[in-house]
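Shared between the two complexes below is chain A, which pairs with chain B and chain C, respectively.
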Partner chain A sequence: MDFDRAVRIATEGVPLAGRFECQFESVRKRERHDNGSLASDVFAAVRQKFTKEGKLSYHILFPRCLWAFLPGLFLALITWGRPGDEGRMCVDPSTILDGGAPNDVILDDGAANAQLPDTGRPEKQGLPDENPPVYYGTALTRFLIWIYNLRIDNPVDGICLLADNSPQPSVASFTTLTWRYCVQQFFRNFWSFRVA
Partner chain B sequence: MVGSLPSVITIWVFPYLSVDNQASLQQAHPRFHPLWGDSRLFPPGPGSYRRRRFGFGKVSPLLSTRHTQPSPYFIAHLLWDWLLASDRCVLADALPPMRPYAHLRVAAAGLDLSSLHAPRPTVDSSPISKARSYRMAVALLRFNFNYGDFIRWLGGEYTGAHWDWDATFDIVDSV
Partner chain C sequence: MWHDFWRQKLTVILHDPRGAPGPSCFGWGLWRCLYRTFGNHHLVHTAHSSKGGQTTRATTDAVNPGAALLLRGPTRRFAYSSFVDDTGIAQTRDRMVGAITNSILSAYVVFGFPSEDRRTPCLNPFKWSPHVSHHLRFLGYHIDTRTMTVQWPDEKRAQLASLFDVDWLGPLAGANPQLTPRQIARPLGLVRHGAFVSPMGSFLSLRLQYTLNDAIRKQKRRVTKRWWHTSRVRIPDNAMADIHLLRSFLAPESHQQLWNRPIGLLIPRSPTMTPISDASYDGLGGWALEHPCVWPLSKQDMESCGFIMPRGKEPTEKERRTNSSTTSMFSNS
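Showing the complex of A and B:
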């Protein structure tokens, strides 16, 4: 185990390396965009979601006017999807805005994800501190093995497991799977066991 | 400027005056306006330089974020202390974000930030606390919008320092 790396992650946070650079005009454009893709009927739901997310220490809410003063700020758009009944808010650092007005020649380089090195491309590999490989192909398998071993070590204890407890790579890659009945049943069994 | 009026002190005192006293002050010094007065701001806590080098939240030299051109508003913030009151007023008219900024500076002169170090309030269905977010903004302003220093000052769960890392590593080591 790489303890030095673990200590760095604990004290410095992640990612351990990265150079993020954009035009201030991109930030201004995104602020003016004002999450324009959001339908007005979901505003209340988004606000409610933000209220709920207040339990997370890394959600720090500021007055809006501060966007103009923070050096190095990247603004992520807010999107709202409806994978289930309750809807899902996504702070989206990937979407790139269009040019907007016909004379608008400012290219939007304010999407933070666009500046992450792509681990899937050979020429961008070798930068694990900036974007560590997560081995999507085996993420779900490893997660299920971990749960299986947890059951072996704790044969009679209840295990509370929800879909959100699965590791982010598996959620990101296998969202469709986790919402399918056959796999959903797998997760739900753990939950049922605890209730029983 | 406001003539012989020690505006630095006045701004600090102004929020604590009664409404009548505030009106009297405005009558005595018509050119004084708390929004455009001198307000000297200082970080709310010492030790920023040490926190950058050691412990939780320390600066990572390999990680940075920047704009290719600086924000004009941030430059205006840096210039604010050297501007005349009349110039500040003109600047606020020319750059809209500078007006709420001026209000923020006035609040920073008298707002107590100790509550930000207290345990966070329990999240329930009540609305988002505007007072708390405004205090966060004031703290950030007093750190010259240096977000890293601001987070390091908050410390605790904001930097991951609240976990028992020794016990965690002991467990990992025993596996």
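Showing the complex of A and C:
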């Protein structure tokens, strides 16, 4: 466990370091994209979600017409996933847009996630402040190792288990995430309430 | 200053497996205040544990010295393992309440205490399990600390069998069905989940994985969301044979042991003994120094156990004498 980095993330916000650059044309593409990938039947659901989260101030409404006057702005598309019966709104900073016009030769570099260093690439090692490594994949094995070693120390005693579930990750885990002050004003998603 | 404050809180909460830390721990005053406030939290009081039963032992080795040493070792294992919003807690009966309290307090320290924000608390009491037990479902697997085993649940097997029965082996599928990539990927994902417990699943899904990989490679950069739902991939004979075999292992009433594995085989361990063995057409045998033992099995022994042994030329008198002396050496030792 890297407590020092955890403390810095909790107090300074994320990312701890990074370099985000994109062309103005890439932002324009996203602004013009206007969530066109969404089917019309989910517009009402997305609008309802925005209204609910706006009430809790997770989203602050901002005049859309000002987007071109914010240098360094990154826009994220909004998509709608259906992992189960109920749908979920996903803010998508990963999708690379294909060129808009047929003669458009400008590559899309407006996806913020695409500018994060890949922790798996050797040449990007040593940049954990930009993209800290995560260890979700070993959670089950670590849990089993702990149980096995508990059994070694306690060969006869009962070992109790409990799955401590934080059932509202979108409310608790992700909305309490602190953005680093110097980048928080530049990450925005957009939604036009004229389309409904 | 804030760094030190947070470090103290996190260190106190995560480093102490016993529940409330002792007076020697730094930041104990802060913790005592939190503990008095939330140590009697109703989520803790709802926890009940079941009575003990017969348990399966575990063996120490170089990488598993026991929980007490593991806490202080270089790997620093703790009672908590988190996967996004799921945290598995394991502790002995007398320390379990303290471990749960630590977990609740940790969540509140990181995500905010209840009633301090208009946001709802991070822990929902209606979704909180009121029971602690030796048996737990965590990340889709059943873990049993009495038998020390992990099992792939019956419902997962039923789900996989249902996928095969409908899309792959149904009357409309034919001998070599043509399926969409999504129809291939869904059982593949399930099989890979079960393969953590049963490596056989990984082996039997290899050809299917290669079939899907080939289809993706042929598409090159045209793999779109629509492609996953609309294009068709023909399943080759050998992959279908694997699917038939895998389907036969999914019956709920049989092959339970195939989807059940001891924890000791799922974690990194180092060998505790080194047996040496060899075999020939005349039998097999071996020995081990750490636990002094030998085991000779002659050709006749193998045949009496049902093994079909090759019939070669009769051994010469010299070979028979050598075999006889070897067997007597094993018998004497």
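In the analysis below, the second predicted complex is superposed on the first by the 123 of 196 C-alpha atoms of A that agree within 3 Å, B and C clash if a C-alpha of one lies under 4 Å from a C-alpha of the other, contacts with A are read in each partner's own complex, and residues count from 1 in each chain.
We take it that a contact is a pair of C-beta atoms (placed from the backbone, for glycine too) under 8 Å apart; a residue touches a chain by one contact, two chains touch by 3 or more.
Note that this is a predicted model, so its numbers are computed, not measured.
Colleague: Figure out whether A:A10 sits in contact with chain B (first) or chain C (second), or with both, or with neither.
Modeller: A:A10: touches chain B and chain C.
Colleague: Is A:V46 touching the first partner chain B, the second partner chain C, both, or neither of them?
Modeller: After superposing on A, A:V46 lies clear of both chain B and chain C.
Colleague: Touch check for A:C22: first (chain B), second (chain C), both, or neither?
Modeller: first
Colleague: Name the contact category of A:L116: first (chain B only), second (chain C only), both, or neither.
Modeller: The answer is neither, since A:L116 touches no partner chain.
Colleague: When the two structures are overlaid on chain A, which partner does A:Y136 contact: first (chain B), second (chain C), both, or neither?
Modeller: The answer is second: A:Y136 touches chain C but not chain B.
Colleague: Considering only the touch criterion stated at the top, classify A:C65 as touching first (chain B), second (chain C), both, or neither.
Modeller: Only chain B; A:C65 stays clear of chain C.
Colleague: Of the two partner chains, chain B (first) and chain C (second), which one does A:F74 touch, if any: first, second, both, or neither?
Modeller: After superposition on chain A, A:F74 lies in contact with chain B alone.
Colleague: Pick out the shared contact residues on chain A: the ones touching chain B in one complex and chain C in the other.
Modeller: 1, 3, 6, 8, 10-11
Colleague: Can you list the chain C residues touching chain A in their complex?
Modeller: Within the complex, chain C touches chain A at residues 2-3, 6-7, 10-11, 14, 47, 49-53, 55-60, 64-68, 70, 76-94, 96, 100, 103-104, 107, 110-112, 118-124, 127-129, 132-139, 141, 143, 145-146, 148, 150, 196, 263-264, 266-268.
Colleague: Over in the complex, which chain B residues touch chain A? Could you list them?
Modeller: 55-60, 62-71, 73-74, 77, 97, 100-101, 104, 120, 123, 125-128, 132-134, 136-137, 140, 145, 147, 156-160, 163, 165, 169, 172
Colleague: Help me check something: in the complex, which residues belonging to chain A touch chain C?
Modeller: Chain A reaches chain C through residues 1, 3-4, 6-8, 10-11, 56, 136, 139-169, 171-173, 175-176.
Colleague: Under the touch definition given earlier, write down the residues of chain A that touch chain B in their complex.
Modeller: Touching chain B from chain A are residues 1, 3, 6, 8, 10-13, 15-25, 27, 47, 50-52, 54-55, 57-58, 60-63, 65-66, 68-74, 129.
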